[in-house]
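Two complexes come next, and they have one chain in common, subunit A, joined by subunit B in the first and subunit C in the second.
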Partner chain A sequence: MNPNFEVKELLEQNRYFIEKPSKQWILKVVILAIILGIGLYALVLQVIKGHTITGMRDNVVWGVYIVNFVFILGLSYAGALLAGIFHLGRVEWAKPLQRILKLITVFALIIGPFYILLCLGRPERLLNLFIYPRIQSPIIWDVTAIVTDLIFCIVYMYFTYIKDFAMLRDITENSEIYTWRNKMYKFLAFGYQDIPEQRKLLNQALDIMAAIIIPTTIIAYSLLAWLFGMNLKVGWHSSIFGPFFVLSAVYSGVALLILIMWIYRKKQKLEKVFTDNHFLYLGFSLLVLSLFYGYFYFSDYITDWYNMQKTYTLLWEKYFDFSQYGFPFVISIFLVAFLPSIVIGIPWFRSVNSIALTAVLSLVGLWMMRYLMIVPVLETPYLPIQDIRENWVHYSATWIEWSLTIAGIALFALFFVFVGKLAPIIPISEMLEKEEPEKLDSYDSKDPNLVTST
Partner chain B sequence: MKTNSLLNSVTLIVCLICSLATVTNVVAQKKGSTRLKMYYEKLANNDKKISIILNKGKGLDITGVENAEIILQTIDKEDKLKLTSLKTNSNGETALIIEANYVFPIDEEGFSIIEAKYNGNDSLKSAKKQIKFIDLSLEVSLDVVDSVKQVTVYAFEKDSIGTLKPIEGIKLSIGVKRLFSTLYLNQIETNSKGIGTMEFPNDIAGDSIGNITLIIKINDHNDYGTITKSVIKNWGTIIDYNTTTSERSLFGDEAPMWMIISVIIILSGAWYHFIIAIFKVLKIKKLELKA
Partner chain C sequence: MNTHDKNDNRRKFLKNVFTAGAGALAVGTSTLLAQVNEPQKTTKPVKEKIKVLTTDGTVIEVDKPDNNCKINPCTPQKGIEARKGIPGRSFVMVIDLARCKNARKCIEGCQKGHDLLPDQELMKVYLMKDNPESEPYWFPKNCFHCDNPPCVKVCPVGATFKRTDNVVLVDADRCIGCKFCVSACPYSARIFNWADKESYASNSPDYSPETQTPSQHSVVSKCDFCPDRAREGKLPYCASSCPMGAIYFGDKNEDAVTNGEETLRFKQLIKERVGYRYLEELGTDPNVYYLPATNRMFPYERGLSDLSEEKKDILLKSISK
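Let's turn to the complex of A and B:
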């Protein structure tokens, strides 16, 4: 995809980030902050009263929190994986998506681990993981992977921002209004002047980061899968879990990317940046991933079903029993494995809006699938649960867990709202650099209209 | 005249009816046929096993007769000596194991005769079956000659005064006992001295100390029945089936070496490249002055 627009045009389209906060923007922040505040209140209650105010009990020790943890980390790893692959593959049409992917990666990687902390009955003991680590423990593998990945992803994201920071530094240089912004951009641009040597060094650094991010994310998410797979539990103890997790992550990452693209396209009028073709390409990716997901799921299912050991039978009966998990199971399978084939596969249904809607529904389905992967399994141990209260056997999330879940989504959105105010959501410099390098010189950094019109 | 004719007719009809009733009664009381089968087998410990099957019916409807009493007796010239009576199981089968030291009467040709008898009941006919067998003995010697493992089997009969008579032309199947069945290695035939030999292979898997159970078998011979002999010898290759599995490292005190090395390689490889990338970006700052 050749960008057929000028730098100035791009900046004009993305000027919202240098404009003063509008009332709409402030309202958005306030609403998100209120949701976040409710979540914080729930958190305080949980810390004071303990897990007794959640739905988690002795048998179902993991609930919505761990579902969120797995789901959000999946989004993060998918963002990094796709960004790395698009970068190394020099995929021109994917350049406008790079920034969103990296933001998804970092924000999700910051928010996701909070949910695992919420599962801890004694969070103060978390430090023991680092003081007395056991290399044999899959939990240590996961903690190491997440920390490593977080550092790599933040640095990778920053590297991709350097060129834009340099450009913004030059644009805001003579502005009297944005002196603090100029200082910030100057600091963050790290002395980048776009001379050939600097450009070469930065591109090399980006190549290296992209190359190490890909295996790091695959390993990191596989480790999370093995954390489940190495448990001798029905439904978890499966060798397919590693690749299945990675596939699910990429699937949910593509779906979230489509959703965020759609939001920015509508809100910021970025039709020229996030074109119909972007939705089409990613829509078809969603379709292919959904088919693979269906194949993986069926493969896992038929292997369990054919042997039909007693506890496996009990678990699968719960999935097919409409008085238990039948409805969520059928709905989520439909959303995840079949809906993209119908909406995107049949041209009559296919449009930007329908693809975005399919992406949202797929995300919902993928979250539900992870819930079904965790909660019914914990309710089906090898040793039958006996002589225990009914509400201790079956898990049901409380408002505490739901409010903290929604707070996580609000925080994710809030990050996007704030970051969108500091720098453009699309990598402007990078988009123009490869195709027509001379265009970088075409923007007039002293053009007063870019900053003084605000 | 008319009266006589009518009387004759009535008499004829009555006779016909009576005849028909008699025939019907005979048909109704006809008993089912039965059939006895007997097998003789000399076991590895020289005990003798007599297996009996009592069937009823014909063709595809043959089934075993359950809970039937079978009388077993030996025949010595004209006399019959009752051994025991046995009850059949649900398949119509029963068996008697006779200890090795029991001496059967033999006829002039050296045959022992055993008869099985079923007396029948209200619905089944009686049945009788005899088997004749000669008590053949097998002696096995296992030797290593010039590093070659050799199995030698001697087949002989023992007459009433204890004289050994070698038997020629006996086909012997030789094998080793495996977990579920016998692995047959070869079939040999005894010579005029009653001796058959076979070279034993070197690559037969044994147990943890190399022991194998050698099986020598004569299968359903007309005169000698089925004879099995077994010998245990340490001619097999040593295989320890109770191999101890390595400790589940994830629950052990120390991580396995491969895990430590893998973690170090993966993490150091990733961080090494990360530092290279950082240095490249640091150089950008230095180049600012040049710009």
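Let's turn to the complex of A and C:
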């Protein structure tokens, strides 16, 4: 790995970011903006008419919105976790992935919380969370965690951008075409000149941020899991929820990383950057994570099933009843727990495209698993639901919820489309750095007296 | 036509009443103002006194409360005051399952009293069957006003709170509508105000968590044990509208519960009739007790007779599981 890149070569490959917007690019933006617009229209309708136009009712009080919230925050936390681990582990081959991971983290962390706001009946009273906070509520834990994480992740992402901004500032210096860009880069580079002191400081800062980010994300996502785990609800009230959430987050994060890598590789011809090896390594990670997921799920299920407690049985019957959740359950279990083993595990099926397809299908499967983890549980309270109103008994999302879901994906894509114009999608200067041998016993070279005395 | 006339008559009547009321109010205010202006006049009206026993065993004389007022202050409390609870009280409810025939009068009374929509039920009546051999029974269920309430724990803004008199209330002025409490309650006791209603008003100065009226859109609502009615010495709407007297309401500290017809010793009742609390094992410590449906007054089928076929199907299917 670690091919010796040249600045010129890399920039040549990544010229798109500095070029004038092509027609294709504008078209992309327009389409995404239209989808976003439909979502905004749905949002306005929901604000005016209230939650009655969604599929949510007294039993299933949170529907697709909370599924999206959990799923998108999972992607975010996974991005940060992987970026931190790759950085601290000095994983050479993962260097080109760093920027994508951080972008996933920050964008998802911006979009995700919108979905919890959509669950609020009175979003205009959001400030009550800060005026009358009650620390024993998991929602307050979550708010704290998300805000903390958002600040850390933005700072971390910005730190990793500094070297590139400095490089771009130097390149666009004296250029007559890129005057405003040069000013922007000058501002964003924060006076970084790549002198040894600055470099040392920045590298230290990056190490510290990576070390902070890893526990922060694990804690934050566990807190999110406890939003469910702390409920006295059959199917949620389980001690496995924290670790299980973290695992599924990493799983979905790796899958999304593969997908985004694949898109850039195809679109921008980055075969030299996102090599076959990247797909292979991440594909194998996906395979291992899928097996872990299957193991966690099975261990959660078998303990519920073995004793046949009444409400648990009622819940599990719904998953195996093909007139209720049977099909989605079987399909999603296949997608998340078995498909990677088949496609990536068997060499005959294994290719860049097939790995990318598996990643997409795993993402779909993971989203469905989250849905199955939340909605059927809410439909199975201790007291039976004896209601004649069908939509009170069974949840089905309305177009409002679906269009806002798709709008979230569009916004995510739109962020990527725009950020691609700001700076290259790969951390060029980071990739150009040569690995310096690190010294552990630093004192013996500094202080010869110390060595002789011992 | 006939109904029109009736309506007109009623309107005229109401108009007269209101004019009379407004007149009386005007006179009342002016006299009140006059009193305020002349504080020297200390000819206080002599109030009737009653003797009461204090907790430390001494007899004291206090003013006899006005008309129906049993607990001072008599009006529903608002804001911070509504969070305190009525001192010395420990409200409790006992529901005699042997008497319930699914007349649904408790639901209707509650809906009327709390200005609810026809599909909003703070009190629900379930058809339950404990095991395959036992006879089904009707199970009225409101909020259990737990001593360890899962809903209060999870509320991020303290909009729902536990009072010293056992009551768990919702302050709709503060509720952000996150619905976490709805999902946290293991007894499905909470409802959300989904559909819009004309009488919904936000931050109305008349709003009191004790009455939950005027209600608001997109916030959580629940059974409130009617502490405003307790202040007037009345039973909650559900208890007073039950034709069978199945719902007893009272005070644990006084060790008395009543359904309006008979007053019983709470502890003795629970002891003798083997009263239980639903899902005791969850550790929520409810304040609603049930008396098992033994020696019941009606067969459970009686409650099915007024229901639609659809509802009947759902109920019978639910107990066959």
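Rule of thumb we're sticking to: the second predicted complex is superposed on the first by the 432 of 454 C-alpha atoms of A that agree within 3 Å, B and C clash if a C-alpha of one lies under 4 Å from a C-alpha of the other, contacts with A are read in each partner's own complex, and residues count from 1 in each chain.
In the analysis below, contacts are C-beta pairs under 8 Å (C-beta built on N, C-alpha and C of every residue); 3 or more make two chains touch, one makes a residue touch a chain.
Only a predicted model underlies this, so the values are computations on that prediction, with no experimental measurement involved.
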Touched partner set for A:I302, first subunit B, second subunit C, both or neither: neither
Touched partner set for A:T144, first subunit B, second subunit C, both or neither: first
First, second, both or neither for A:F159, with subunit B first and subunit C second: first
Touched partner set for A:I208, first subunit B, second subunit C, both or neither: first
Partner chain(s) touched by A:Q136 [first = subunit B, second = subunit C, both, neither]: both
Of subunit C and subunit B, partner touching more subunit A residues: C
First (subunit B), second (subunit C), both or neither touched by A:G191: first
Subunit B versus subunit C as contact partner of A:M230, first or second or both or neither: both
Touching partner for A:V30 - first (subunit B), second (subunit C), both, neither: neither
Common interface residues of subunit A - those touching subunit B in one complex and subunit C in the other: 134, 136-138, 230
Complex contacts: residues of subunit C adjacent to subunit A: 119, 126-127, 141, 150, 153-159, 174-180, 182-184, 186-188, 190-196, 217-220, 279, 282, 284, 308, 310-311, 314-315, 318, 321
Contacting residues of subunit A [partner subunit B, same complex]: 134-138, 144, 148, 151-152, 155, 159, 162, 190-193, 195, 197-198, 201-202, 204-206, 208-209, 211-212, 215-216, 219, 230
Residues on subunit B engaged by subunit A in the complex (per definition of touch): 249-252, 255, 259-260, 263, 266-267, 270-271, 273-274, 276-278, 280-281, 283-288, 290-291
Subunit C-facing residues of subunit A, complex: 49-52, 56-59, 61-62, 116, 119-123, 125-126, 128-129, 131-134, 136-140, 143, 227, 230-233, 314, 378, 381-389
